[in-house]
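Naming follows writing order (A, B, C and D), and every chain is counted from residue 1.
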Amino acid sequence: MKRIGILTSGGDAPGMNAAVRSVARKAMDAGLEVFGINYGFAGLVAGDIFQMTSETVADRINTGGTFLYSARYPEFAQVEGQLKGIEQLKKFGIDALVVIGGDGSYHGALRLTEHGYNAVGLPGTIDNDIPYTDFTIGFDTALTTAVDALDKIRDTASSHQRVFVVEVMGRDAGDLALWSGVAAGAEAIVVPEKDYDIKQIAEDLKKGFENGKKHGIIVLAEGVMSSEDFLAELKKHGDFDARANTLGHMQRGGVPTARDRVLASKMGAYAVDLLLEGQGGLAVGMENNQITHHSILDLFDEKHHADLSLYDLNKSLAK
Amino acid sequence: MKRIGILTSGGDAPGMNAAVRSVARKAMDAGLEVFGINYGFAGLVAGDIFQMTSETVADRINTGGTFLYSARYPEFAQVEGQLKGIEQLKKFGIDALVVIGGDGSYHGALRLTEHGYNAVGLPGTIDNDIPYTDFTIGFDTALTTAVDALDKIRDTASSHQRVFVVEVMGRDAGDLALWSGVAAGAEAIVVPEKDYDIKQIAEDLKKGFENGKKHGIIVLAEGVMSSEDFLAELKKHGDFDARANTLGHMQRGGVPTARDRVLASKMGAYAVDLLLEGQGGLAVGMENNQITHHSILDLFDEKHHADLSLYDLNKSLAK
Amino acid sequence: MKRIGILTSGGDAPGMNAAVRSVARKAMDAGLEVFGINYGFAGLVAGDIFQMTSETVADRINTGGTFLYSARYPEFAQVEGQLKGIEQLKKFGIDALVVIGGDGSYHGALRLTEHGYNAVGLPGTIDNDIPYTDFTIGFDTALTTAVDALDKIRDTASSHQRVFVVEVMGRDAGDLALWSGVAAGAEAIVVPEKDYDIKQIAEDLKKGFENGKKHGIIVLAEGVMSSEDFLAELKKHGDFDARANTLGHMQRGGVPTARDRVLASKMGAYAVDLLLEGQGGLAVGMENNQITHHSILDLFDEKHHADLSLYDLNKSLAK
Amino acid sequence: MKRIGILTSGGDAPGMNAAVRSVARKAMDAGLEVFGINYGFAGLVAGDIFQMTSETVADRINTGGTFLYSARYPEFAQVEGQLKGIEQLKKFGIDALVVIGGDGSYHGALRLTEHGYNAVGLPGTIDNDIPYTDFTIGFDTALTTAVDALDKIRDTASSHQRVFVVEVMGRDAGDLALWSGVAAGAEAIVVPEKDYDIKQIAEDLKKGFENGKKHGIIVLAEGVMSSEDFLAELKKHGDFDARANTLGHMQRGGVPTARDRVLASKMGAYAVDLLLEGQGGLAVGMENNQITHHSILDLFDEKHHADLSLYDLNKSLAK
């Protein structure tokens, strides 16, 4: 193996650039040549590929988004798309790849490996919804952004004794809601992984205000419903001075936190180690503070599990 | 004058607590006794009033919201409401007041002055929509929050070459949109004070992407329309990968910026000076970096003017 | 057990208030009465103790420092001191305690347990230097503060092609230096756990600048030497445009990060669970993402181990 | 005039990049060609000059430092240096310049104008020490950084009832100390523009602690003396638990605040307007919220005046 390629795919996440830097620097340190592939698998197929130097990744560690850009490219699920990508790999003499992204990225990485080009996947998504890793690259930053917004919303909620339904991202996973809810001291957390009783939530809010609480913050995972819909439901159970807020896409951007940078740096270097050992078709994870890898095939058979102990913890602390 | 009262009214704004601290400390330094009135004019009428010490306002300078709480209380527009409030002032021996808030606060302050209780108003609102002051308490913090969110949104916009319509607060005023749009390097700013041509905006966006721009950020003042509605309009003029974002109530909270704290501190101390001189019915402002005051009556005759030079500036810099 | 006490001891750390809140709320939820003890063991002995309500800990989760205050009190190492403390526990009817802090706190907790008052310790320190826990409460916030400062220093270093020796806290532990160094993309990390070769560092810096690097950031753990001393040494090996910076006590304060709040919340609730089971003399930890406890005696026999894989990782990524 | 050059000189300041962007975009919008000059006057003389496109300044508005780099170059005070610079201007066909920086930059700009190359200076420095402008580019960001650090230090000061002497930058000017001291609610501010009585400060601190104050923060301008020296003096007047902190170079970096970005954008565009009118030898300012210009010669005759009303304001509020 002499040349590796790097691409980012799917939704962007803070820390992707730190991961790209780590892969590139580690590979160069091992004597490899490194190529950046713009716009994910679309750019691979289009040959939007350039050689990186150490400087290409300088001062990228603390930037949000992905400077290799990302794009949807469903065509890569088809063999034709894959073969076009492989043509480009041949053209540039690239032997192996690191792919940073979510589900779709793993599928692409697996296909390339099957075609004889070892590819390793890194979990880059704010949703924390990937199996075999406790944390994905970007989750800690999105969590920080959500909690910062919740802190601000609480100021205004307390000033007016208001209820706020705050919708956070996470697709089908409740991780961002659970963590941000506990960290922000929310009155209630609503996630797809747990049934909820809106009548009970309304009663708890009323009781809270009667007991001197100044705010009623409900953190709602987008996987359940929209904040507007939830608010409409809630208002059926009480005459609240209440507002709906959807935090939106700012959760996807921003300067990555120290944790995300370290996680990305560790995972990126480890991916290069795996490629150097001649391995492919693998997904890197961080489990119990240890860096690990699993076959991508295993990931497809496993589901991500949110830390639901946070749900119960919040119940006892919110009173 | 021996005793003064302080209340906050209308929507909360970061820096209100710094203003309350300044009024209280300055008044105590001048030998006055100081009373906090909770929940604005509603609390005044209800007698929710307590004596403050220097410690009451300790470590409040850097907190968001208002620790004196706020509440809507339209009844204070009626003489009955006012007389009930004055009864409480008599009961607590309060001779004069400082009222921090927006429009409604000024009306209340004027009425109290007419009844023989000097009251001075401070402009506390994130909307920056008050005449005779260049900046209101809270505007700089809301601006900072909006720009921070816009920076994050730009990360993800650039990663995917997306258009974002980002709705910021400001009620009928475009200040927050103008300042945050320039500060964030937005592609377009849409405010109530200026006609806009959505077809032209769409064409500029297309041209921008053709010329290599990676993002298309439109900062929209809430006084124009909602981000969803604007997005729907925009999509009639081009097939954009576009999203709508409404920043929402987090713009009202948060740790006040240094500027807001200094502004609030200056205004609060100056209000006490005015009361010590036996003046009332006045609104404090910061004009051309000088602290000033005007009759509240004059404020009602004047309109706030946004700095529209920012609009033109942005047009030439966004290309 | 009907009544528990909470105190914070030793150097303050962000997240201590979140831990106090968690202990208090969880204990109240279990039907216990909760007492706050001001100023650590000094306040215990002096009887500076007050009953907490749910409101006492409201809006504390996101505040820095410790609202129960802290104080050095070496007298508590003596039996006389301990007996005076126990007198106060009897007076207030307190059966058990949660102690949040570092080494000294654990000693105090152990002594109280030996006297028949179950006490559980939580690791509250920014230094991350406590055995049997991967992270201490406060470390993530201090890390965030250090990295934020390093990012800023890098801006000015890059503008002038300068070398900066930046001293971070950590007492005898290199954790803060290792994590912040990797997260900030430092050119070198110097920690007590690893020998360093200052001549080699100087040569690497020179080579870096020759290869186009714009900055030379050395993150130095305070346990090694001061930044001024290190700079003086470094200048013997090269004619650098270099500056020394000591980040100082701001590393101890600030709004706790989401991670620290969640960690503190989990640990606080778990400590109450242990006390409810009638256990004492224990230290709570977070090991491999699982919440754990160990005998405090075991802690005294064990040493904390920094994650030195970060040192090697940084070496390969800094080139 | 067809081609203009831009350079940054002296100490870097946040917002310099926003100013460069504004100059470049505004000039391109007016049909000019724009050249970036790296490393200030040193780079001018060395011919380190490149043509800018709109993309060169994309996504620079929110970055710290100066991407055109800066360097000391005392040789430009000599005619030989200047003539060498002019040779390069001829070579690249550059007719006029915008120079962003402090004192030294203005001297250079004046010399170039005298040689027939119109040059306009923008005040880029965190020290706010330039006459004929209320604010310099970078001051608001440095203020924000200092206040953020002071907030953190206050957390730990309050936890331990400690005194902190915190040294902030500003060279001979007290602006940063005055503004940050008021914004942080400091107990005392010490600046070069005002005599101070250390015995009185010590007594005020003692009285403050007796009256229940939890912290004693002294904000010290670097122009007075170092924090260590001040602390040593202070300790002669009382047995304080006190620490010295020097905030250091992080005050020079960081993401520019919204205010600094808007100020830089306005000034940059205005400088281009002046050049388009055929003017040179001028310094741009922001006075009483109006953008202004003065002859650079006038600047050399005038002194900057700090807002000392802040000093008195703090005295009455700190009690």
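FYI, contacts are C-beta pairs under 8 Å (C-beta built on N, C-alpha and C of every residue); 3 or more make two chains touch, one makes a residue touch a chain.
All figures in this text were calculated on a predicted structure; none of them were measured in a lab.
Undergrad: Where centres are the averaged C-alpha coordinates, which chain has the largest centre distance to chain A?
TA: Relative to chain A, the chain whose C-alpha centre sits farthest away is D.
Undergrad: Rounded to a whole Å, what is the gap between the Cα centroids of chain B and chain D?
TA: Centre separation, chain B to chain D: 28 Å.
Undergrad: Taking the mean of the C-alpha atoms as each chain's centre, how many Å separate chain A from chain B?
TA: Comparing mean C-alpha positions, chain B is 35 Å from chain A.
Undergrad: How many Å are there between the centre of chain A and the centre of chain D, using C-alpha atoms for each centre?
TA: The mean C-alpha positions of chain A and chain D differ by 38 Å.
Undergrad: Can you tell me which residues of chain C touch two or more of the remaining chains?
TA: 151, 154, 158, 214, 255
Undergrad: Please list each pair of chains that are touching.
TA: So, checking each combination of chains, I get A-B, A-C, B-D, C-D as the touching pairs.
Undergrad: With touch defined as at the start, can you tell me which chain A residues reach chain C in the complex?
TA: Interface residues on the chain A side: 21-22, 25-26, 28-29, 54-55, 58-59, 61-62, 134, 140, 143-144, 146-147, 151, 154, 158, 179-180, 182-185, 211-214, 255, 257-259, 261-262, 265-266, 269, 288-290, 309-310, 313, 316-319.
Undergrad: Under the touch definition given earlier, write down the residues of chain C that touch chain D in their complex.
TA: For chain C paired with chain D, touching residues are 8, 11-12, 14, 63-66, 69-71, 145, 149, 151-161, 164, 214, 243, 245-254.
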